[in-house]
Each structure stands twice: as structure tokens, then as C-alpha cells.
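For reference, the structures are reproduced in the following blocks.
After this come two complexes, each holding subunit A, first together with subunit B and then together with subunit C.
Up next, the complex of A and B:
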């Protein structure tokens, strides 16, 4: 391909002009697909909003009490189970009733106070209080159990101090260790910061695989690919516009989600560079699209593509740390996480948005993403070229 | 006509009155009425979207309707329950190749499944299965999965499955669409044989006008209405007019002149065909002669119009086709088209293997600039593979070829840029407008931005799309879509055009418009056109035909020469009207006329010596007490050529 420069310039111009025409085509088609538009609006706006609205914390968990003592002391303990974490769900007359409420899921915690509770405290005798927790949801069960333990422990501590005659003033003389912890990056520990970011990055992943796969499979399904194959387009000129167009769509969706939902509704701080965030997102969607192209080569219709996409997405999300932190994974799976591009993306997403991290900190993750991404994209392109070349 | 032998005098099997079916606001059938007698083959003819399928589905009891009455076997169908009551007595085969069958099941498993569904007792099933499989020549393929059958075989299996419970009424929705002529002829043979033996009634729809002769009676449907109903002959009588065929020089000029006065004028290969409505043959000739004064006219003769002419005449009475100046528009990119002596497509010993299967076997042919070349053959004969190699999609296993001056083995991409291609299935973007599609393909083919508007304007004018440029393609009827596909293929001004079954499912008027454009492109702009089709009436348009079978070209000549050769070799077709017709057919078969076939109420057979054959038939019929109403030789059609050549080939292969 030497020839004179004018000719090669013309060839280059034609190459780009074809790419632009195909990209414009993809965007027009995308804009005409009402169902797809609604789905995307839903995922980038309402889904993120819902993810930010739900919480992984105890929220008005119902506590029922079996108080066999009915004393001032027992009442005081009971009233320490307060909103926002707990809510009193009334009293039961015997233990079996409490068990029934747990079974039916009408109560999360059953607090059982023995007779002579106050009497024994006064006497300085050790007292047992029974707490039964529904741990079918392990997270909530764990939280309920540990909060209850804290409340009861604090109550016992207070009782002990008052029995020792320690007053407000003399408390400084009691040897005590206070844990003074500082919570960084999300000082109020708001789920509304953590959850929607994880959800947004997951949605980006789903779209980055599904949209190019759908765009490519649709051409196969409707037979339009045939017309493209007899045209002077190379396979790259057929697949690249799909990736470009869908990346643009995803970036737009991300921007809407970021500015209107994350920032607008949940006050996520966005500490780092937005340019960096969008650059990383672009790299991520572009390379992950390789998986979508691969799926498109395997499937004959949209339903197959969607099913395959789920098959790819599930482990990818599971191994990313979006739902389960790496610290909670067994060793083997923790290693496998390095194979999920979403893992790097989540690292960088949190890093940029919440920690304000720059490239200096995220360099390793970026390298990991770029390397993995290039392999994935290259594979997708190779498969596509082999099928349609 | 005396149908007493076949058609009972009792109440009609199906009676439809003022039938109305709507899909939301879309009117599918708008007041259709017809009645079908016992033992009849009743035809529904019309283009896609005419309402045939809706009507058939309602009769089969699988679709509710919005107005009118429907009686089947005398039972009024006004509820699900009523439809259920008659369902056991009818069989329905929906449209689409093997769509009612299960691709993973074998031939036998499919049949067993349908038999079980219909509660056929095992003993009877075995007997019927044996007979039907033998009749359809599927008995050697019992264990083959349905998905591995050819299109024609799938349709035959579909028919067997529809017939396994011995229904009294069978409803077949376009059973022959997309099926090659040989399989089509087989299909008809089986159907008529079953009708003879069991006296079942059949309602059959088709998009092929030339199948009309197979029906006892038929309805021409268009746009949800029945345009006309009756026996084929009656319909022809009810649309008075004469058809004039002639050869004129220069053809283009002659056609333009004729068009100004007769909308139904068309060029068919070297001939011109003009339908003169309402005229006697003499008057028609005189009118045509007057119109062509000063031109070289030869071989002028008035012939009997065909059903398709009548159909188009009827349609044009209803909605006169808008005359646009399409034929004045040139699509050529720059200056004069090259003179018509260059070779545009050349295939030399082209072969292609798929694993152990040779799809195309040493195929050679040439197409010159300005020539329309037809590639005919059954599904799976290798046509599409040959086209794919020539268009640079598929590398050949062996052989060579040049297309538009480029070597297909080395310059695939260059070829792709120089040709236009219209594919079998409509493959443009339906969610985009006409204009957007044209723009896209213009830019893909590298039409420079400065010339985009001009190029698009030209092809829009040529294809007569000016009124619809802003419309979404999904909203357009098939005929217009195919013209758009043609326009997209022409937008960069290619000198070579490939068309793979471009007119399947397009109505007759749409097909004619399409061919007018093709003829214009070839004659005036010297574009070389390679086309495949299953419509034999379209094959007549070609300057040159190649017939493919099992990957090889088995005949290659002009349509006229092909027909002449058949006449030389196998003789002429005798068209016989006899009474009663079924015993007549049996008598002929017993007397050794093995290729005698039933066409509606008539019998066709091939005879080398017509006079001798006629004498034999007369004595034969006299002996058997059969009345011979008329007997006349008919020139063979291209379908006859096609079927004969392929059967001949199959016999050779079998004996080898």
C-alpha cells in the first residue's frame, strides 16, 4: 500500500467515512428501539436510584419481648431497643408465641427477660437474658445479634457502674479503653454512596456486553449482515461502529446516572477527576464489548445471546467484589477475581469517586484492566473476523 | 362443466360469507365470500398481504374473525367449541417450509407424533404411513432428521403429517412457495392423486400465477378482497382483452411507445408482450401496429392471455398504476455506459467443497454487459454458493472467475465495490427510513459527499420511490421494499448486478415494475444482470439461462433454444380435455403415457409424435367410453424444460 500520498489519503478518508456512516446507522437504529431506550433509562436511572434507596443496615427491625419480670429494670432494657435500628413489636406471653413470630418472619428478634431480673441485678447476681435472632438473612441476623449484644452489654455496664457508685464526675477515674475510630471516605457509612456506585458499574458492565452483542445478533437474525458482507466493508468496519456507538450510549447513560442520581440525589462526593473516571469507563466498555462480540458469534438469535450474556455476566459480577468483598472470598476465588475486568473497574470506580485517587494510586488496576481488556477485545474481534471475514 | 365424477352435489364443504378480519386497525380481509364443493381443489391466489393466510387460518379454526359467517361441513363456526367440533375432520399446513414440523425429530418420528396427536390407531397408522411415504418417495429417509431434508422434501413431509389422520378437508397455505419446479410438480402430483383416491377437498393458496391451472376453481385476492372468483377459463372470459406478442427493433423505443397507450406492455427477452384490454385479437393487433408505425416489427401474433394478465388488468381497473418517468432516468455514474461487448462476469470451472460435499462442481459461464442471465435450479442446487463465490464472500475451492474486470480470487474487496447485490431475504434496515438506508449504502460504497444527493436522487427516481423516502421501511409493502433493495444496490452505479430470488413474495404488479427496471438497466444502461428465480415466467425475461442441478450446469442457452431443444428431444405437450377425467387419466397411464399429469380439469402429457399420439388417445378413449372434448398441442414452457432436464439428469445418475 505505498502509492502516492493523495491516493492513500483518499483511502484513509474513505475508511473513516465508512466507519462514521456505520456508527451513525447504529445510533439511528438504537434511537428507534423504544423498548431498548426504556430499558436503558430504567437501568441507568431507576435501578441506580433503587440501589441507593435500599440499605444493608438494620432498619426498624421488629423486636418482640417476653418480659417475665415486668419491672423498672426490664422496662429500661426493653426501651433501649429503639429506632432507627429496632422497633418494638409488642409483648408475648410465653416463649412459644415468640418462636411462632420468628417462624412466621413477623419478628427478627425475640428478647426473653427472666423473672426476678431486677431482683437479681440489685443483688449483684449475674443475670442471663435470652436473645433469639432470625438469621435466615445472615447480614441482618448478624447485625441484629451484634447490636443486641451491644445494647445489653452497655446496659449491664451501666448497671455495674451505678452499683459501684460511679457518678458522671468520677467516671474519669475508672480505668476504661475507649475505641476512637475514624471512618474514612464515607464518614457516615451511608449505603447510599456505596451501593449505587456498585450498581452503576454493574449496569455499565451489563450494557457493555449486551448492547454490542444485541446489535450484532440483530444483523444476523434479520439477515442484514448479508448485505454488509457483500459490500466493500471489512469485518472491522462492521464491528467497530457497533462498539463505538454503544460505548457512546453507555457513556451518556453513565453521565446521566452520575450527575442526576448519584450526585443529585445521594450526594456522592465525586472526589476524584471525572475526566479520569470517564476515560476509565470508556476503556472498560470498549474492551468488555469484546465479550459481547464473542457472544454474537456464538448465537443465532437475540434470546440465545441474552442467555449467553447472563452466563458470562454472573461469574464476572460475582468475582468482581460488587456484591461480595474480596475479603469474604475463599483464596482460590480471590485469585480468580483478577480475571474479572469488573474487579479492576470497581477498584478504580470507588477509588476515583469516593477516595479521590489519581492515576498514581490506580496505576496497577489500570494496567490490569488494559491488559485484560485488550485480550478480551482482541479475542472478540478475532472470532468476529473468523466468522464474517 | 361436468364435475359430477369428482364433485358431489351435496352442500359445499366450506361456505364463507362476507368474511371480515381485522388486526387492530389493519384490515386483513374485507368482506370475502366463497364456497368450496366436495372433491375440489380450490385456489386462493394473490400477493403477500392479500389476506389469504388470515382466511385460511379462520377456516382451519385457529383464528377468530370479526364479521361474516363461516360454515364448514355445514356446521356454523361461531365459537371455539364449534371450531373444535370440525377440527378432527380437517388438516391444516401453515405457511413456511416445514414450520409445523419438529426439526430435531426424524421423518418417521414427525409422522408418529402427528398421528398420536390425532389418535390414529397403530394398525391404521402403519398402513397409511407406508403408503404415504412410498407416494412421497420419502421412505428411504425415514430416520433422517427433518432439518436435514431439502425444502421440497420438507413440504412433502408436511403434507404427509397433515394427511395422516385422513382429513376430509385439507388447507394448505402456500405449500409451494420457495420450492423448485420439480418438487412443486411432485407436490401437485401427490395432491391430485390423493384427491382422486379419497375424494378429499383441498383449499390451497399460492403466489405463483402459473399454478392457477391446477385448480378447479379459484379466487383472486388482493388487499383483503376477492377480486374475482370462478374457474380459470371463466375468469379469463370475464376479463376481456387480447394479448399481442411481437418482436420490434429497436425494442426500447417500441416499448416506450407501447407504454404510453397500453399500461400492460412489457419486454420479455427479445419479445414484447402487450395486453390490450377489451379488444378482439384482430383489433388488438391493429391498435398495436398503429402504435408502432415506422419501427421494424416482426413475428407479431395474437395469443390467449394468461391469468396473470387478467389479474393485472383487474388490479389496474381498481387502482391505475402511477406512471412516472422512471425509465428516462439514468443511473450511470459518469458519462456514457460502455458498449455492450465486454464480458462482465466469467466463471471458469468454478468449484466449492463443504467438508465432503461438493456444492458447486466445475461451473462455467459468461455474462456480457447488457445481458440478463438467469441461474435456475432447485433449492440446494448450488446457485447461492455460486453467487457467493462470484461476489467475493466465499473463496472457491477450485477454478477461476472475473467479475467487473477483477479476479475473484485475489480482488474480493475490489469486486464488492463494483457490484450491486440484492439478496434472497430482504436485508435492509427496517427500522430506518428509505432515505437513511440509501444514504448508508451510498456512503458504504464510497459515493463522495458532494455527489450523495444527486446519486440518491437518481436511484429514487429510477425505482419510483420518490413518494416514500421519509417512510420507515417496515411500513412499506414487499414490492416497494424490493425496489428499495434494488435502489440501494444501484446507488454507487455498479456495472454488474447480482439478484438472488429478488421477487419471492412480491405481487404480480410489483414483479412487473421490478422487471421493467431490470430491463431498462440491461437494455439502456448496459448493466450485466445475474438473477436467480423460481418463477418460470420471470425466467422468460432472461437473455440467457443456465440450469443448475447438484452443483453442475446441465443446460445453458436462450429460453427459446431451450424450449426448442426439449421439443426436439421429448416432443410437445398435449393438452387434453376429457370426460370423465379421472378414468381418462388412468386409461392413459395404463396405455403407457407415464408422464400424464392432472392439471385441474385437464390432462397434460408429452408426446414426440403428436399425430400418432392423438390417434392412439382417440382410439383408447373410444374403447373405454371416455368422451374426448378437445386435444391440442402446446409449446412447452420453461417449467417443462426445467422439470424434464432435471428428471433426465436424475435418471442418468440413478442408472450410472
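Up next, the complex of A and C:
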């Protein structure tokens, strides 16, 4: 490289123009497949929009009541199972009927109020209310149980206070803790802020692995790779344009879905710097594209590549922290999580969009991603070079 | 329709699959590994929530109160901070997800019979975790309040601690979790994972297998042959259905033996329902493959019709009952939801055909619909 500066500049120019030409070739080839374009537009727009309608809250769960008391007190308790969490699904005459409704999935909760409920409360004799919850879906079962216990606990507490003659106004004079919750970043706990972001990050991940892998394997499968290899292109010049072209596609899709769906439809606050978000997305796409290239070197045809991609993708999507809390994972899995680039991307994505976190806070995640990116991408390129160099 | 030709085609396809060693191996490795990884890793239990404390009181009582969080397995104590201002960066960096602020004169106020306000700051980024955390906080507060009220009553009315306690908490709750007594998420997850894995892998196997024939134009051999449309489709798909049924058996064994999920239902009924389901999912792959010309497009389209709905609309993570109308509509469009009910019914509830016939019927209609659509869409003389 210590020759004539003009010559080395010309060589550099040639290198970059080849790269640009190959990138253009990838984009043109990509644009020809109309169905693929439609599929990708669907994923970035409609799919993310649909994700906004999904929620993990308890929503009008059906409660049926077996009320053996039929008193004012029991009615008051039953009346507290209200929307939006619960919905009264009527009364059953015996427990067997309740069991049948649970079996068929027509009710989630069966509330069983014992005879002499009101009488016992008046007498100051403790009574137990039985709550049966269908826990076959743990998320719903857990929430339903927790809310039912809250409602009944509050009811008991109110009963105790009213027996003591405590009113709304004198409640300050009872020693008790009044719990004040303040939820940050998503004060109304709107799932429409959480889900579409999770879905967008998922879609980016799927594309960043599958598209470059497919672009590379396709050349192998059709044999067009041989043409490229006999051309004056270096392996990097063959490889990098595929990643660059797919990154451009992904960034464009991300921008559309960020502005039109997340911001336009769901009012996601976008607190942090968007420049930072796109920079992180680019880094992330390159990192995961490295995984895609690695897959491409392992497989001879697309069917193999797709199966390998699934094997890598699914654990990444599910175990990177959007769905499963990292704190609650078994120790070994938690360590494995730190090897997933998506883990850092989720931290930063939510951090930037919802929490308004800047580089100062996200610095360690960024470092983690950059380090992983270099290792993964470097490894992918090295494998590719070894195979075709 | 001649059986002999179908057998010949199926045999040819089988040989082709067998020859592609990596593909053949992956067809079994992928489902089993997904089951293994998710079975151990996919937990929706919200536990060990990292939290920090701002204790302005530092009294015996505030420590007693805080220890209810520190000693709970749901919370993970990360230390004290001096003021509210230090909480924000910790929450922003996800080092903690919850913070408790105890006001000054906490003990003094409670001792002299006044109410105090304790503030809980919760990270709302992941709404499901937020509502679970809130539930724990409310439960801890309710228990603490019950005790406070008990000792207050006993002081004010001069009754024994026992009576006072009964008066403070007149109504108890007996919770019974049905079907999954310990609310072990691995039980329901292992079962539901069968649905998930069988939703994802068969369509990929099928779609790519069929489109490959189209893309490298060997399908013209079929076009030119005497094989009829129906024979081709059945012969082509039989090996993939067979692979998926074997996978189903492996997954079933893993769910019951490895993860200890109880199987209470009728094995024969479950097997039959699952074969119908697998026929559905391979049918999805077939239909996708008839739509597209390239394998890349087949891959992305399969992602759309399998991965996305099985993540969001199958009931694996997100309960279908808590969706709004649009979400529920979408959920009903995919077979995953019906099979989830069958799987959970067979595993945890022990119900059979008489309760689940509706779901089986839905799957059956779905399978027949898919295959009919494929039959109508597949032409031996394609346009252009």
C-alpha cells in the first residue's frame, strides 16, 4: 500500500464502486420478487399493527358464583367482581356444575360462598370463601387468583373497618399502610406500547438472519456463486453487499413501522434519540446478519438454511427478555442470554423508545452488542472466506 | 387415483429427503431442541424482581415491613439508596424494576394510630410483569395491614390478640388452582410447546420441499407425467406428514417423561387429534408453496403464517381470552388455538372427545379446506 497515492486512491475507488455495484445488484434482485416484498411489507406494517391488539391482561374473565348464603353481604362481595378484569357469568346451583363449566373452559373462576356467610361475619367468626381457578393457562390463572384474593381481602378489610365504625373520613386515624403505586414509562400499562415494540424487534431479528442467509445460499444453490468467484471480486465484496442491501431494507421497514404504526397508531412516546435507535438497529442487523452468513456456510440449500435459522431464531426471540423476565430464568439460561444479541437490543430498544435512556445509561449494553457483533460477524465472514476464498 | 403411483411418489420424495442428510437430521433435531430449550428456559413466572429501597425512617418497624419483601422469593433486594433521585437511573438501566419509598416518621405515625403512605415505583415497560409485581405488593401490604389492624383493635377494644385478629380479617380466601395445582408453568408450557413446535416445523419442511422442486424446475417432470394432481399432492406430502407424526411422538415423550407433565386424557384420542393437526400444518406449508415461485418468498410467507400467529395468537404466551375482538378473530383463523385447547384438555384436564369434539371438528374442517384449496390451486399446466 505504499505505492503512488493516486494509484492507491484509484484502487480504493474501484473497491468501493464494486461494492456499490454489488449492493445495487442485490437490491434489484430483491425488488424483483413481488411476493417477497409484499410479505416484508406485511411484517413491518400490518403484523406490528395487529400485535397492538394483543394484551396479556385479565380481560373480562368469567366468574361463576355458587352462593349458598344469598345475603346482602354475599351479594356485595359478588358485585365486586367487575369489569374490566372480571365478568359475572351467572350462578350455579352446586359445585359439580361449576366444575363442569371450568372443564369446558366456559368459566375461569368459581367463587364459592359458604352458608351463613353474613351471619358469621356479623358474629365476628372468621369465614373462608373458596376460589377455584383454572390454572391450565398459568398467566391467566395467576392473574385471576391474584386479583380475586385482592378483591376478597379488600372486602374483608372493609367489613372489619365498618364494624369498628370507621368511615371514609376517619380512615386517616387507623394505623395502616396506604399503598401508592406509580408506574413509570408506561403509566397506564398499555400493552399496545409493549407488544408492537416487541414484535418490531422480533421482525427485525427474523429478517436480519433470514434475508442475508437466503441471499447467500441462493447463489450457492443455483451455482451463480461460481460466476462471482471467477470475477475480480474478493469474498468480502461478495458478502458485504448482501448484508448492506438487507440492512437498508430492514432500516427502511423499521422507519416505516416506527413512524406510521408505533407513533402514528399507538402513540408510543419515543422519548429518546431516534438517531441512536437507528444506529443501534444498524449495529444489531450487522451482528445478526453475521449469524445468517454462518448459517449460509453450513447449508447447501435453502431448506437446510431455513431450518437452521429457526433453530437459532426461536430461542433468541423467546429467551431474550421480552417475554421471559431475565431475573426469573434458571442460572444457566441467564448466562446464555448474555450471548444473545437480541438481549442487548431489547434493553436498548425499550430503553430508548420508552424510557428515554441515552448513551450514558445504555453504554454497557452497547458495548456488549458491539463486542458480540464483532465476534459473530467476524466469525461468519471468516467461515465464508474459508469456504470460498 | 392409483395407490401405486402415490406410493411411488412418496417413495421418491422420501429418498430425496433421506439423501439430504443435513435436512433429514434437522427435521428431527429442530423440534426436539426447541422443546428442550423452551421447556427449561421459557418461564413466565414473575420472580426475583430486583428492587431498591429508600427508607427515610430507618426504624424497627420499617425494617420489619421491608423484610417482607426481602425475604420473599418474588423479590430480590438490591440495596438501599439515599433519595428518590437515585432511583431513576437505576430504573432506566433496568438494574431494578421496582422501588419502595418509606416516608419519614413511618413508625411514629403507625404507633400513634395514623395512616401512612408508602410509595411504590414500578417499571411499566413490560405490562404483564408490572401487574404481577403490583399484585405481590398489594398482597404484602394487605397482610401487613391485617396485622396492624389486629393490634389496633386489641388495643382499642381491649380484646385478646386472637379475637382481634379474627375481627381484623373476617373473610379468608381458600385458593384452589385446578389442573395445575402448583401453577407450575413448565407443565402447561411443555404441553403447549407441542402445539408450538408442531405449528412451526412441518410447514417449513413442506413449503421448502415443494418450492424447491418448482425453483429448480424438476416439477416439469411431474407436469409431463401421467400422475394426477391429487396423486401428486398426497404422494408429495405423505413423507412430511410421517416425519411430523414421528416428531409428535418424540415431543409427547419429552413432555411427559422429561418435563413430568401429567397426561390425564385418552392417548388414542390425543393421537388422532394430533394427526389431524399435523395434517393441517403441513397443509399450510403446501398452500404457501403453491402461491410462490421462490424459496426465499416461501420462507418469509411461512414465517408470516406460522411463527407470527403461533407466537401471538396461539395462547402460548398471550391468553386468547384477554384479547380484544380483532385479536380473537385472528386467533380463530389459525389452527393453533384449537389444538392448544386439545393439548391442555388432554394433558391437564383429562377431558376427551365429548368435551373437545368441537375443536377436533374445527381442525378437521381446516385440514379439508386447506387440502381442497391446494388441490384447486395446483395446476399441471401453470399459466405463463
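Criterion: the second predicted complex is superposed on the first by the 384 of 389 C-alpha atoms of A that agree within 3 Å, B and C clash if a C-alpha of one lies under 4 Å from a C-alpha of the other, contacts with A are read in each partner's own complex, and residues count from 1 in each chain.
The rule is simple: a contact is a pair of C-beta atoms (placed from the backbone, for glycine too) under 8 Å apart; a residue touches a chain by one contact, two chains touch by 3 or more.
None of the values given here were measured: they were computed from a predicted structure.
Counting the residues of subunit A that each partner touches, subunit B and subunit C differ, and the larger count belongs to C.
In the superposition on chain A, A:357 makes contact with subunit C only, not with subunit B.
In the superposition on chain A, contact of A:138 is made with subunit C only, not with subunit B. In the overlay built on the shared chain, the residue A:93 is in contact with neither subunit B nor subunit C. Of the two partner chains, both subunit B and subunit C are touched by A:33. In the superposition on chain A, A:230 contacts subunit B only, with no contact to subunit C. After overlaying the two complexes on the shared chain, residue contacts for A:315 are found with subunit C alone; subunit B is out of touch. When the shared chain is aligned, subunit C comes close enough to touch A:330, but subunit B does not.
When the two complexes are laid over each other on chain A, subunit A has residues 33 in contact with both subunit B and subunit C. Listed in rising order, the residues of subunit A touching subunit B in the complex are 14, 17-18, 20-22, 24-25, 28-29, 32-33, 222-234. By the touch rule above, subunit B contacts subunit A in their complex via residues 391-393, 413-414, 416-417, 419, 421, 423, 425-432, 436, 439-441, 443-446, 449, 472, 488, 498.
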